[in-house]
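Sharing a structure here in structure tokens format.
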Amino acid sequence: MTAVTTDANPQDARKAGRIVYLAAVVLLCAWVLVPLYFLLINTLSSPEAVNSFPKSFFPAFDLGSLTFFANFGGMLSALKNSIIVAALTMVLSILIGAPAGYALSRFDFRGKELFRLLILLTRAFPLPLLALPLAVLFIRTGLDDTALGLALVHTTLAIPFAVLITFSLFSGIPIELEEAAWTLGCTRLTAFTKVVLPLILPGITASAIFAFVISWNEVFAAAVLTIENRTLTAFLLQTLGEAPLHLKFAGGFILVVPALIFIFAVRKYLFAMWGIANR
Amino acid sequence: MAVIEIKNVAKTFGAYTALHDINLTIQDQEFMVLLGASGCGKTTLLRIIAGLETATTGEVWIGGRRVDHLPPKDRGIAMVFQNYAVFPHLTVFENIGFGLRMQKLPNDEVKRRVERTAGLMHIDQLLKRYSGELSGGQRQRVAVARALAMEPDVILMDEPLSNLDALLRMEMRAELKGVLAESNTTAIYVTHDQVEAMSMADRISVMHKGEIVQAATPLEVYRNPAAEFVAGFIGNPPMNFLPATPKGAGKWAVGGQVIDGPQKNKALNFAIRPEDLRLADSGLTARAKVVEPLGAHLLVTCDIDGALFRAVLDSDMTVKPGDTLTLAPQPDRVRWFDPDTTRAVA
Amino acid sequence: MNARLLPYVLILPVTLFLAVFFLYPFALVAKQAFTQGAEFTFANFRDVASHWKFPISLKNTMLLAAAVVPVQLALALLMATMVNRMKKGRDLVLYVWTIPLGISDLAAGIIWLAIFEQSGFLNSMMSGLGLVDQPVNFLSYQNPMMVFVAIALAEIWRATAIMLVILVAGIGLIPKEYYEAAEVFGASPWQRFLRVTLPLLRPSLQTALILRVVLAFEVFAVVAALGGTLFPVLMGEIYSYQFDLQNGNAAAALALIVLGISIVFTLVILRALRVPKGATI
């Protein structure tokens, strides 16, 4: 019966399709948001509520868990370490990666393909593994257990992205704009600072934030390379076994929040960044 | 005050030779057009003059100064790009004033010059806008104004009108010519559009496969093409060619007719422009194949001994496909080319 | 600055950096993996491979990748095509769907722990609906299947976003005219997807799959948060060789094995999805 009516009435079929489509969109949004909501409930509940059963499906807006987190020995300094390492990674990866992205987008040079391949290869490499031998190297050079040491490893993780993303950003700026600046009295450097930089700055910020998030989230190398100066991820990983649930959830929440903000900040660039980089 | 001399300039990209041994002198305040089909090397030559590309060999002199090792900013040039290259992050005012600011001119001087050139290009109403708020034609004007504001010795333009629609192009053509004539700059203008070239140029350099085949005034290029390529490229429809065999004593057999020609004893190509033919009692015998009334004229495509041959006739003529026509070439407009060298024969 | 030298000057920092922090440690790992004391040997590989946990952790890692990556690919393709035809609310929906991109595997593990732990939301829901009287301990050795499902769900939840971003960017590069042409020639939406979108999306699919598969072999923190030692995976074993057993050589050997697997899969994907020269957009 229904088959007949839908056949006879394309308007209805269109409408049914539309409803299925909307339902799917809502469902997929819920799939992403609901687990986050659960984390939020746990974070905003008292430690007792977190450990009790059954759970309420609404947050109690009790700051007990977060206070406990803040007072837990070493947590706040781990949070501080995470921020320092991520900020260092952000600066390093852009300073080192952006010139290469510029070179890839503007010049044809011998070995360019090889260079691109090297960059791509690092992306296809379980990079955190490299933390193992670096741990030894760092002990010798006094970089062990420092924010800079870990930031260097995280920069290795972030650099392929930084290079490819800045490559695609620079490629989006027509070379004619730079050439026009040269004919109007600019040197290569002034053309870059007066024309390219203002146009590229939002994109560079976005890819810097991306580098920040990569470092902020990295667990393995952080756990291998820091002992006293644990980052938040390393600290949480280390205490996973014994830490009480409310501490885990509060910690997870603190991990998630900056990520949410950052993805929101770079959302406009996420897709442009990946567009050309794939080619 | 700038003569431009290009001496033995060649350019290769890997194995591909884009320019072969170019020699060209452009006089002070001359309007020189580089004309040629797409891919013939016009842009490459212009960019070498601008300093955006380095020649593989050869020298570029501007105003008596060798410049090929100087960066673009030190060559006394300004350039208008094909897609305008108007800086999107700056207002029209700051775009036009960009080069002046680079020269660290005082603010009031920048303002004076920006307003003057903006006035010249009729964009004084747009000075506060950004390029995203401009139409293609307006952007084009900004690009020209920006170059003019520099008061350069030389202004280089790479197909500046090719992105505009036909009507706007015609309007800008005349305007650009007028503005440049008043500015006393030497201009090099690249285009693939022969109408643009004919109407604007003091001299045209016709380029083909990385070489300058002929550099002469528009009329000279039209009337006395130096090579078969020029004859076939310039003019719409282009020149007609027919094989000619020598009969001795300056007589030539062409399309079953005997015609006067040069004193040579080898096969040549006879050439005539379609509009230099008229219907007569004696002449070349042609079979009309396609007849196209174009309003002002009648374009007849014919066949002479298997060769394609076009004639532009008065639109009052009644010609039908299949008709046999007798076409008389105007004697002083006949040209001869050597098929081996493709060069014109005097 | 000489224009010929400039590009090399510009890539010098990255090259030096990668030489010191990528190639050099890579060489060290390799050396460590092939030596015991000062001797060249395959013993480390033999030790690692003959350990009773190796087959399990290899199987677990592979199974997880095999379960997670295809689902993610299908889901990301579905989401990308849905977003592509969306007019209103596209930005918001895309933002929501890409949120997990910024969430670490550890955080994702913790988030799903909130659902699957014994006093968690799944149990609360099930007891609320009267399905169970007592909260079930899903994440225990009695429920290996549930542990696997929880880990797989957390991975799918977390890492579909990166594929989505790459695919949406790739679809954005395909000119609309191709779809219009296909439509004019009578292709249904499904045929357009199969005949136009998928083939033209190959470079993006390549990148997305390589990235995802390599990352799937590196799965570590999600497992640590949800399974602990119940579900051994390769990266976790490396970690425990290094720290619990203090055996750097074995850790290095296992690391090389993971690397080898990653490279093989990368090459397979590159080959399977190669784009004929000149057939790019």
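Think of it as A, B and C in the order they're written, each chain with its own count starting at 1.
Note that in this section a residue touches a chain if its C-beta (ideal position, glycine included) is under 8 Å from a C-beta of that chain, and two chains touch if they have at least 3 such contacts.
Worth saying up front: this structure is predicted, and the values here are computed from it rather than measured.
S.K.: Tell me the shape of the graph of touching chains, choosing from line, ring, star, complete and other.
M.R.: Looks like a simple chain-to-chain line, open at both ends.
S.K.: Looking at every pair of chains, which has the largest contact count?
M.R.: More C-beta pairs are in contact between A-C than between any other chains.
S.K.: In whole angstrom, what separates the CA-based centres of chain A and chain C?
M.R.: 15
S.K.: Once you find the CA centre of chain B and the CA centre of chain C, what distance in Å lies between them?
M.R.: The answer is 58 Å.
S.K.: Could you list which residues of chain A touch at least two other chains?
M.R.: 188
S.K.: Going by the contact rule at the top, pick out the chain A residues touching chain B in the complex.
M.R.: Interface residues on the chain A side: 174, 176-177, 179-188, 190, 194-195, 198-199.
S.K.: Considering only the defined contacts, which chain A positions touch chain C in the complex?
M.R.: These residues of chain A touch chain C: 21, 24-25, 28-29, 31-33, 35-36, 38-39, 41-42, 50-55, 57, 95-97, 99-100, 102-104, 106-107, 109, 112, 115, 118-119, 122-134, 136-137, 152-153, 155-156, 159, 163, 188, 213, 216-220, 223-224, 233, 236-237, 240-241, 245, 248-249, 251-252, 255-256, 258-260, 262-264, 267, 270-275, 277-279.
S.K.: Spell out the part of chain C that touches chain A in their complex, as residue ranges.
M.R.: By the definition above, chain C touches chain A via 1, 4, 6-8, 10-11, 13-15, 17-18, 21-22, 24-26, 28-29, 32, 78-79, 82, 86, 91, 93-107, 110-115, 117-121, 123-124, 127-128, 135, 157, 165-166, 168-170, 172-173, 203-204, 206-207, 210-211, 214, 217-218, 220-221, 224-225, 228, 235, 238-239, 242-243, 248, 251-252, 255, 258-259, 262-263, 266, 280.
S.K.: What residues of chain B sit close enough to touch chain A in their complex?
M.R.: 50-52, 71-73, 77-79, 81-83, 85, 87-89, 98-99, 102-103, 146, 150, 156
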